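Read through the structures below before going on.
Shared chain: chain A. Partners: chain B in the first complex, chain C in the second.
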Partner chain A sequence: MRQKAMFIVPYALWIILFVIAPLVLIFYQSFFNINGQLTLNNYAEYLTSGVYLKMTLNSVWYAFLITLVTLVISYPTAYVLNRLPNKQFWLLLVILPTWINLLLKTYAFIGLFSRTGTINGFLQFMGLGSHQLLFTDTSFMFVAAYIEIPFMVLPIFNNLAEINPSLINASYDLGATHWQTFRRVIWPLSMPGVKAGIQAVFIPSLSLFMITRLIGGNRVITLGTAIEEHFLTTQNWGMGSTIGVVLIIAMFIIMFMTGDKKQKGGRH
Partner chain B sequence: MKKQRWSWGKAYLALVFVILYAPILYLVVFSFSSGQTMEKYHGFSWQHYADLLADTRMITIVINTLLVAFLASLLATIIGTLGALAIKDARRPWKNSLLSLNNVLMVSPDVIIGASFLIFFTMLGVRLGFVSVLLSHIAFCIPIVVLMVLPKLNEMSPTLVDAAYDLGASRWQVLSLVVLPSIAPGIFAGYFMAFTYSLDDFAVTFFVTGNGFSTLSVEIYSRARQGINLEINALSTLMFIVSLLLVIGYYLISKRGGRRTRIVAVKEGDAQ
Partner chain C sequence: MKKIFTAFLAIVVICILLALGDVAFNQQKTGGGKQTLTIYNWGDYIDPALITKFEHQTGYHVDYETFDSNESMLTKIRQGGTNYDVVVPSEYTVQRMKKEHLIAPLSHQKLPNLKYIDPQFLNRSFDPDNRYSVPYFWGTLGIIYNDQKVNGKDVQHWEQLWNPRLKNNVMLIDSARDVFAVALITQHHSVNTTNYHQLKLAQAHLKQLTPNVKAIIADEMKMYMEQNEAAVGVTYSGDAREMININPHLHYVVPSEGSNIWFDNMVIPKAARNKKAAYEFINFMLDPQNAAQNAQYVGYATPNKAAKKELPKKVTNDKAFYPPETTMKHLQVYRDLPLRVLGEYNDLFLEFKMFAK
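Coming up: the complex of A and B.
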């Protein structure tokens, strides 16, 4: 019995020190102003000054757009992948870019999108002229979607692979067309994968701050950018923590909305 | 008719693959350009690799990053495996809450983890630098290891453990000779995943690293803010190769693990 207790000690310490304590601390810190006085002002300021609410709505809107773009690209990808022979290999190829450092992928786009970069060179070649690509909202969303695509493809792919093929055959046998089969059988059955994908993309999209700086040129302020700025630039940890608490609440809302009740019951 | 539908699908897939890989290849190609920008290719050169090798600051940072990744994933693997064993043995209500707590750091946005760890370290008086980065990396790698090991533990047939006890094995013998070997693929996979998570992390490190200490991601970020530097391209090519090797290693391990679980599965079937 003592051995069992020894197993759990380091893990329990980790849970207490690095899971519970930091969450409690960020909540606690949100009640302090920049001078270290206990106050509710951070929340009052967040709710009353339009700046923060607008920033939050903006961040949610961009996260929504990024998620939508990623889903539109990823679902057909997962669908086609799933019908290929050697599909596991192709899936591995989709996942491979996630193993490459995020910063490097973002850095590549700085070169690709620059005023005299490759994309502009191509546009000029096509006679479309050169455009300001870097530091625009579109480039920000494109790069964010680029990075998130594999995280959306993976759960959808796994879900599609689990669908019993006899259900699809039954649908065809009963006279359904391709489109009807997709809409009435495959799409509803793949919903858990889609939800898992949305969850995997939406939350990081709310908190991105590196891409907004490098690609978005600080035009888009997400919740993550705001937190980073309050903690590391203006040193107003109280307000930063307040935005952090808002982000945590947003996370719970998304998890609740996309939550799969079945998963809770213990698949194991 | 069917053939045409297929080719549309494949064309789409090809496009997606082009989008996924073009930026990476772009970096690799320009790392061999003798120019100074990512605009026009100026002919083949190893110059940027030479620059990279001569850049002692960068070399130090690479070593730091690898050291942190190595230590963090090792410690996270040990603690995570113990945690998985503890979760496996826990009773129902405890088990679910342990699992939920385990997943908190998996679903939390990186900025929250980074900011809350920053508050935590500052309150404890931990100096920001190597120690704070290492501790944070261990912390966010543990749940990954648990999630990789736990399925293997659940797959393991309980009759194996019972048989070992029946044959007179001690608790330690059961653990080291029966349990650990059968969950080894999960442990290795967990180590690999933890290693890559640690190598790639930017946001959490960015918060808890002080002025003196830097990892690759943070360094690339600060250099990228200053503009294009083809030395980074050379670095990214090398990192791409490392990632490829890691993926191949991970693939081989999980494949071997797959075969082993199949054997266990067959054995279970035989017993019934």
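Coming up: the complex of A and C.
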């Protein structure tokens, strides 16, 4: 018994120091105004100023779009990957870009999208003229989705790999078409993977800020931009923390919405 | 069980060893404190040859550490535990550091070379009588334009940025004070205004600029302007100099109706360990020969009158970087505003950015 308790100590220590303590600190900071006085004003301002609410809606909307695009691309990818020979190798290729630093990848996209970049060079060569690609919603979504794709593919892939093939065979044996099998068997069984993927993509997307500036040219503003500004420029840590708390709450809502509700037998 | 305990113990031991090693290393590095001079400056903001020269001349060992924003430097010094001997903050940060008692007053007797500084850069509002700081470089906020995309005549003044012909062709620096300075100047208000109504007016004016705004970015602007991504950018003279060196089609203008003038200044923190070396170093950097060499390397405008004479005429006659008297009169220095007002600038700026579509 005591042995077991000892096993927990390192983990507990880790969780307390690096998960719980920062959360508590953010929560604590959010109750202070710029002069260090205890106040609820930060929350009041957040809820009444309109700017922050609009920004939150903006963030949620973009995060939703990014997640949707990522899902639409990732699900078929994961599905096809699962059927390929050497699937581990192909999966490795999908994961490989995550080994490269995020900023580096973003800068690479600047090289591709800029006026004198590769894509415009190609368009001009084809006689289509040069276009404004950077600093548009499309380019922002493109880069954000590109960066998030591995995090969506991975859980879906793992989930699809776990599906018992005999269930699928049984479906075919019972006369279901490909579509019916997919809709009635594979899709429901892969839901946990999809949910995990959504969690892994939606939450970070809410607070993207480097890409909003580098690719979006600050024409896309998310809560991440506001947090950065409050901590680095205005030094209003209270307001920055308040937005942080809002993000944490948003995270819990997403977790709750996509979480595995205790499956009590399920529908038959 | 035993294994876990051993592993746990090993981690603890390693941590302790690392901590001890760090302390020992630091002691070695500072070597009793008298032989080392620690400089905390912006990245790539001094000619390394001058550091070597200083080391040879005086026998001190120089540690050169860098920061990338006034705010991050301030946070580090505020937290204590640092022993920088010379730091180079911008003027509004000098004011803040003064207020927070982080820097020591200077003894001008120990800085005989101070006489070489152009009087117009001394005794400025952010530090009366230069009690705490000595100017290092200065520069301006201005307009950089690409002569392939726009006629120089069309971008001599701030108000011209609002011209519909520049639709989606203007890049702004991602800084609340600088962007508001542009709008405030066009409305003949002070760039240090604390009047919320004036700020609101400025914001309204900025919102009319949105169709022309291509992006609001930071350092990346250099790269974009060099690559002909946009016709016009609002940026600092120092960055402009770098861009022009790479793309000769770029030109820099300081609007004659006014702009911001900034100073980077040498100060000695209260926590300095080697004040004697710090004075020697500041004096060394004020020497006309050294200041000129440094200005040639860094490319910013020097406040050192004697050094300016040493520089090639081509550099000092460049009106973009050494603006004429008539423009200089209209340049304004940022004052360190109360955090509350700074918050207002930034909130309004954030709102403007959200609008920037």
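In this section, the second predicted complex is superposed on the first by the 241 of 268 C-alpha atoms of A that agree within 3 Å, B and C clash if a C-alpha of one lies under 4 Å from a C-alpha of the other, contacts with A are read in each partner's own complex, and residues count from 1 in each chain.
The rule we apply is simple: a residue touches a chain if its C-beta (ideal position, glycine included) is under 8 Å from a C-beta of that chain, and two chains touch if they have at least 3 such contacts.
Bear in mind that the values here come from a model prediction, so they are computed numbers and not experimental data.
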Chain B versus chain C as contact partner of A:94, first or second or both or neither: first
Which superposed partner A:51 touches (first chain B, second chain C, both, neither): second
Chain B versus chain C as contact partner of A:132, first or second or both or neither: second
First, second, both or neither for A:202, with chain B first and chain C second: neither
First, second, both or neither for A:32, with chain B first and chain C second: neither
Which of chain B and chain C A:214 touches, first, second, both or neither: both
Touched partner set for A:116, first chain B, second chain C, both or neither: both
Contacts of A:232 with chain B and chain C, given as first, second, both or neither: both
Of chain C and chain B, partner touching more chain A residues: B
Partner chain(s) touched by A:81 [first = chain B, second = chain C, both, neither]: first
Footprint overlap on chain A, comparing chain B with chain C: 3, 7, 10, 110, 114, 116, 213-214, 232
Touch list for chain A against partner chain C, complex: 3, 6-7, 9-10, 34-35, 49, 51, 54-55, 58, 110, 114-116, 132, 134-135, 213-214, 217-219, 221, 225-226, 229-230, 232-236, 239
Chain C to chain A touching residues, read off their complex: 1, 4-5, 8, 69, 71-72, 168, 171, 174-176, 213-218, 220, 223-224, 227-229, 339-340, 342-343, 346-347, 350-351, 353-354, 356-357
Chain B-facing residues of chain A, complex: 3-4, 7-8, 10-12, 14-15, 17-23, 25-26, 29, 73, 76-77, 79-81, 83-84, 90, 92-94, 96-97, 99-112, 114, 116-118, 121, 146, 149-150, 199, 203-204, 206-207, 209-210, 213-214, 223-224, 227-228, 231-232, 237, 240-241, 244, 247-248, 251, 255, 266, 268
Complex contact set, residues of chain B against chain A: 9-10, 12-13, 16-17, 19-24, 26-27, 30, 37-39, 78-80, 82-83, 85-86, 89, 96, 98, 101-102, 104-105, 107-113, 115-120, 123, 135, 138-139, 142, 150-151, 154, 171-172, 196, 199-200, 202-203, 206-207, 216-217, 220-221, 224-225, 227-228, 232, 235-236, 239-240, 243-244, 246-247, 251
